[in-house]
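Several structures are given next for inspection.
What follows is a pair of complexes built around chain A, which joins chain B in one and chain C in the other.
Right, the complex of A and B next:
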C-alpha cells in the first residue's frame, strides 16, 4: 500500500506540473512587456483597448441572449417530457447529444448555406438576423449542457405532485412553469447558464464565419499581430472560465440533494 | 419562430386550463415540446442534412458521387490523416494520463483536499480551450516561451534545435492534451468511485493478489467506460479548430482548418467539395459516437 501512495504522489505531481507550468509561463510572459522589469503593461493595454471592450461586451450580450434562448427551449421540453411524454426521452436525449457529434464548424457551414440572403429565411441578409443566427448557433452548442443541467434539476423535485397541486389551486400552464417549476430548478438552470457563458464568451469558429465582432475573433486577431497581449488575454480568459466554474460549484451547494418521492 | 410557438402555448394554457384540456389533448400534449423540436429541426438537423445531401449533388443539383470521390485527392487525404492522428494521439495520451490521475486521487490514499482540488481544476481546464489555450502554449513552448528558455539556459537543451516545433503534430497534440486529460478525469472519476469496496474484499477473501484483482476485476469493469471516453475525447479533438488555428494559422493542414478556409474563400474551387468535407467529418465523429454510446450502455450495467 505504501508504494501505491508513492506512485499516487508521483502521478499527481507530474500532472500538476503539466497543468501549472503553462499557466505560470503565461503569467510570466504576459508581464515581460517592459524591458528588464516585470509589469502589468500588457494588461493595461489590453483592458484599455476600445476593441477589447466592444468585442467583450458583444460576446457578453450574445451569451445572455443564448442563455435566455436555451432556457426557453429546454425548460418546457424537459418538464413536459418528465410529466407527460416520457416515451420521447430517448429521442430528445439523442438530439441533445447531436451538437457533440456534429462539429460547430459544420453546423455554421449549414447555416451559411441554408439561411443566406437569397433563401426563404434570409437570416444572413441583415445584421440583426446574423446576430440572431449567432445566438441560435451558440444555443445549439450549449444544448447538451443546458439540457443535462435542467434534467438533473428536475429529477430532484417531484414534478408530478407540484404540478397537480398547482392545478388544484387553479394555476394555468404559464403560471406552473414560470412560478412553480422554474424557481425550483433555478439553481440547475443557473449552473447550465454559467457553463454556457464559459463556452460562448471566447467562441471563435461561429463568430468568425458569421463575421461577427465577437471576443473570439478579436482574440485570434490579437494573437496574430501582438507579442505580449495574447498572454495577458489568455490569463483573463482563464480567470473568466475559473469564475464561471466556481460559481457553478457554489450554486451546487444550494441545490436540493434528492427528491422526497422519486417518480 | 420559437418565440411564436411559445406564446401560442401560453395562450392555449390560459384559454384551456389543464382540467378542461381533454378535448384538445393531442395538440396540447405536443405544445410543450414543440419549441424544442422546431429549434432542433431548423437549426441542427436540417442544416446538417442540407450539407449531407449537398455532398451528393453537383452544381446543377443532380445526384453524383464525384464530390465524395474528389476527397481522395492527396491534400485532402493528408488533412484527414493528420486530423485523425492528432485526435487519436491526444485522446489516448489524455485518456491514460487522466485515468492515472483519477486512480491516484480516488484510490491513492492522497489527502482529501487534493481530490476536490483536482476535480475543481479539471472542470476549469476542460473548458479552457480555444484561442486562449493556444496563447498559453505559445508562451510556454514557443521559441521564446518560458519552458523553452529554461530548458535551454538551465539544462542546455535546445528543443527547437532537436526538431521540436509548437506548430507541428506534437506541438498540437501536447496542447490538446491540456483539455483532454481534465475531461477524462471528470468523466472517469465516477466510474472509479463506482468500484465497490466489497469487490476488493471478495477478491482478497478468495485469495487474489493485488495484481489479479486489478487484472480480473478492475480493468474489465472500467474498460467499457474507458474506451467510450477515449472515443468521446477523439471526437472532441477532431472537431476543434480554434486552438489549432490560433496556434498554427493555416500552416498545419488539419480538416477543420481546411473546411474553414473553404467556407471563407472556396480554396478548393468547388462549393460541393466543401459539403463533402463536412460530410466526411460528420461520418467520422458520428461513427465515433455510435461506439461511445455502445460502450457507455455496456458499462452502465456495472456502475449503478
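Right, the complex of A and C next:
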C-alpha cells in the first residue's frame, strides 16, 4: 500500500515537472531582458505596444462575433437533431469533425477562390466582407468544439419532454429555445464559447492569408524578430487561456440542476 | 343529450407499416374524468399524444368543444398536460414554472402572480414558490407539474401516467388529490395508466385498450363486473378462469371437470359440446356452502397463504384451480392443504368469456 502511494507520488511529480519546468523556464527567460536582474520589461514592452493592443482587440472582437455565429448555428442545429432527426447525428458529427481533418490553409484557399473580388460573392472585395469571411472561417474551425460542447449539454436534459411541456403551454419555437433550452445548456454553450475564444485568439493561418490585423500574425511577427517578448507573449496567452478555463469552472457552479442530476 | 366536449372520431395512427391505433372512437362529456387503461404498447399514450397534438392522426378527427383540432399545433390547442417524467423546467423556480404558460399567453404580471399563488395553494405548496425543481421530492414535483398544467385554465387536461414514477404511498395520496382538484375545477380530463387500481379508483369512465383499439368503454363498475371481452376480464382485477363444456345448451348446463353448473340464459349462441371459458371473481366465491349461493363445486385445497387479515386459498377442481380469499378469524383455524372443500357462488356472478 505504502509502496503504491510512493510510486503514485513519483508519477505525479514527474508529470508536474514535465508540465511546469518549460513553463517556469519560459517565465524565467521572459524576465531576463534587463541584464543581470529579473524584470517585467518584456511584458511592459509587449503590453505597451500599440500593435499588441490593436491586434488583441481585433481578435477579441472577432472571437465575440465567432461565438455569436457559432451559437446561432450550433444550438438550433444540435437541438433539432436531438429532437427530430436523431438518425442524422452520426452524419452531423462527422461533418463537424471535418475542420479537424481539413487544414485551415485549405479552407482559406477555398475561400479566396470562391469569394475573391471577381467572384459572384465578392467577400474579399471589402474590409467588412473580409472580416465577415474571417469570422465565418473561425466559426468553421471552432465547430467541432462548439458542437460537441452543446450536444453534451443537450444530453443532460430531456430535450423532447421539455420541448413538449413548453409547447403544450403555448410556447413557440423561439420561446422554447431562448427560455428553456438555451438556459439549460448555457454552461455547455459557455464551454464551447471559451474554447472558441482560445482558438480565435491564437489563430494564425486564416488571419495571415486573409491579411487581417489579428493577434495570431502579430505573435508570429514578434516571435520571428525579438528575443524576450515572444516568451512574455506566450505567458500572456497562457494566462488568457487559463483564465477562460477557470471561468468555465466558476460558471458551471451556477448551472441549472435537474432533479435526476442534483449535484 | 348534450354534445360531447371531446370527441375522438375514427382515429387511426400508423408508424410506417405498423398501425398502433386503429379506428378509435370516444366521446367525453364536459367535466368527465376518463382513463385509458391498458398494457404497454396498447396505443393509449399515442391516442393521448394525438389529442395533445404531438402526433398527427393518420385518419379520423379530434373535436374539442365543437372545434376540429386535428391539425392544430400543440401550442394552439389550449390543452394542459402532465408528463410521466414531471418535465419541470430545471432553470425555473416552482413559481416561474407555474407562471410559464401564463406569461406565454401574455397575462399581466399582477394577474400572473395572483394565479400562481392560487395554484400553489391548490397543490398545498404555498411556501415552495422560490424552490427549484431539484429541491423537491417526486410527489411535490408532480404536483407542481399539475399546477403548471392547469394554471392557464386549459379546456382539457391530459395526464400521461403521472404517477408511475412515484412510490406506492405517494401515488395513492396524489391520485386522490388529482381527482379532488379535477372535481373542484370541473376540468375535462384524460388519464393514461396501466395501473387498474388507479383507473378504477378515480375515473368516471374507463376505456380499456388493447392492440390499438378500445376493447370496452364503461364505468369502473361496468368494466369490473361486466367485462365485455376476455381481455378486459383478464386485465382488470383477478379472475379465476375455468374451462367447461356445454352439456345441455337449452337448459344452460355446463360441465366443469366432472361437475355440472347451471348458467341459464348466459350461453347465448353456444351449442351442446362447445368448450367455454367461465370466469369468477375471487370475491364472488365462498368456501363451503353459503345461503343465497345457488351453485357449488367440490375440490381439494391445494395451497393456503396466511396474509394477516385474509387467508388466500387455492382449490383444485379437476384440472382447474380457483383462488379465493376468506377473512381470518382467530377462533377458526385456517383450512389445511389436502382437505376436501366445497366452493359456492351465485351462477349470476359467473361470466362466460367470448
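By definition in this document, the second predicted complex is superposed on the first by the 233 of 263 C-alpha atoms of A that agree within 3 Å, B and C clash if a C-alpha of one lies under 4 Å from a C-alpha of the other, contacts with A are read in each partner's own complex, and residues count from 1 in each chain.
Here is the rule we use: a contact is a pair of C-beta atoms (placed from the backbone, for glycine too) under 8 Å apart; a residue touches a chain by one contact, two chains touch by 3 or more.
Remember, predicted model here, so these are calculated numbers, not experimental data.
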First (chain B), second (chain C), both or neither: which does A:172 touch? both
Mind telling me which of the two, chain B or chain C, contacts the most residues of chain A? B
One more residue to check, A:233. First (chain B), second (chain C), both or neither? first
Output check: A:157 vs chain B and chain C. Expected answer is one of first, second, both, neither. What do you get? second
Which holds for A:192: it touches chain B only (first), chain C only (second), both, or neither? neither
Applying the touch criterion given at the start, work out whether A:184 contacts chain B, chain C, both or neither, answering first, second, both or neither. second
Intersection of the chain A residues that touch chain B with those that touch chain C: 167, 170, 172
Of all residues in chain B, which touch chain A in the complex? 2-3, 6, 9-10, 12-14, 17-19, 29, 32-33, 35-37, 39-40, 43-48, 50-51, 54, 97, 100-101, 103-105, 107-110, 114, 118, 120-121, 123-125, 127-128, 130-140, 144-147, 177-178, 181-182, 232, 235-236, 238-242, 245-246, 249, 256, 259-260, 263-264, 274, 278, 281-282, 285-286, 289
Okay, in this complex, where on chain C does chain A touch? 52-54, 73-75, 77-81, 83, 85-91, 100-101, 104-105, 132-134, 136, 138, 141, 145, 148-149, 152
In their complex, what parts of chain A are in touch with chain C? 157-158, 161-162, 164-172, 175, 179-180, 183-184, 256-259, 261-262
Which positions of chain A touch chain B when the two form their complex? 1, 4-5, 7-9, 11-12, 15, 18-19, 21-26, 28-30, 69, 72-74, 76-77, 79-81, 84-85, 88, 92, 95, 97-107, 109-114, 136-137, 139-140, 143, 167, 170, 172-174, 195, 198-199, 202-205, 208-209, 216, 219-220, 223-224, 230-231, 233-234, 237-238, 241-242, 244-246, 248-249
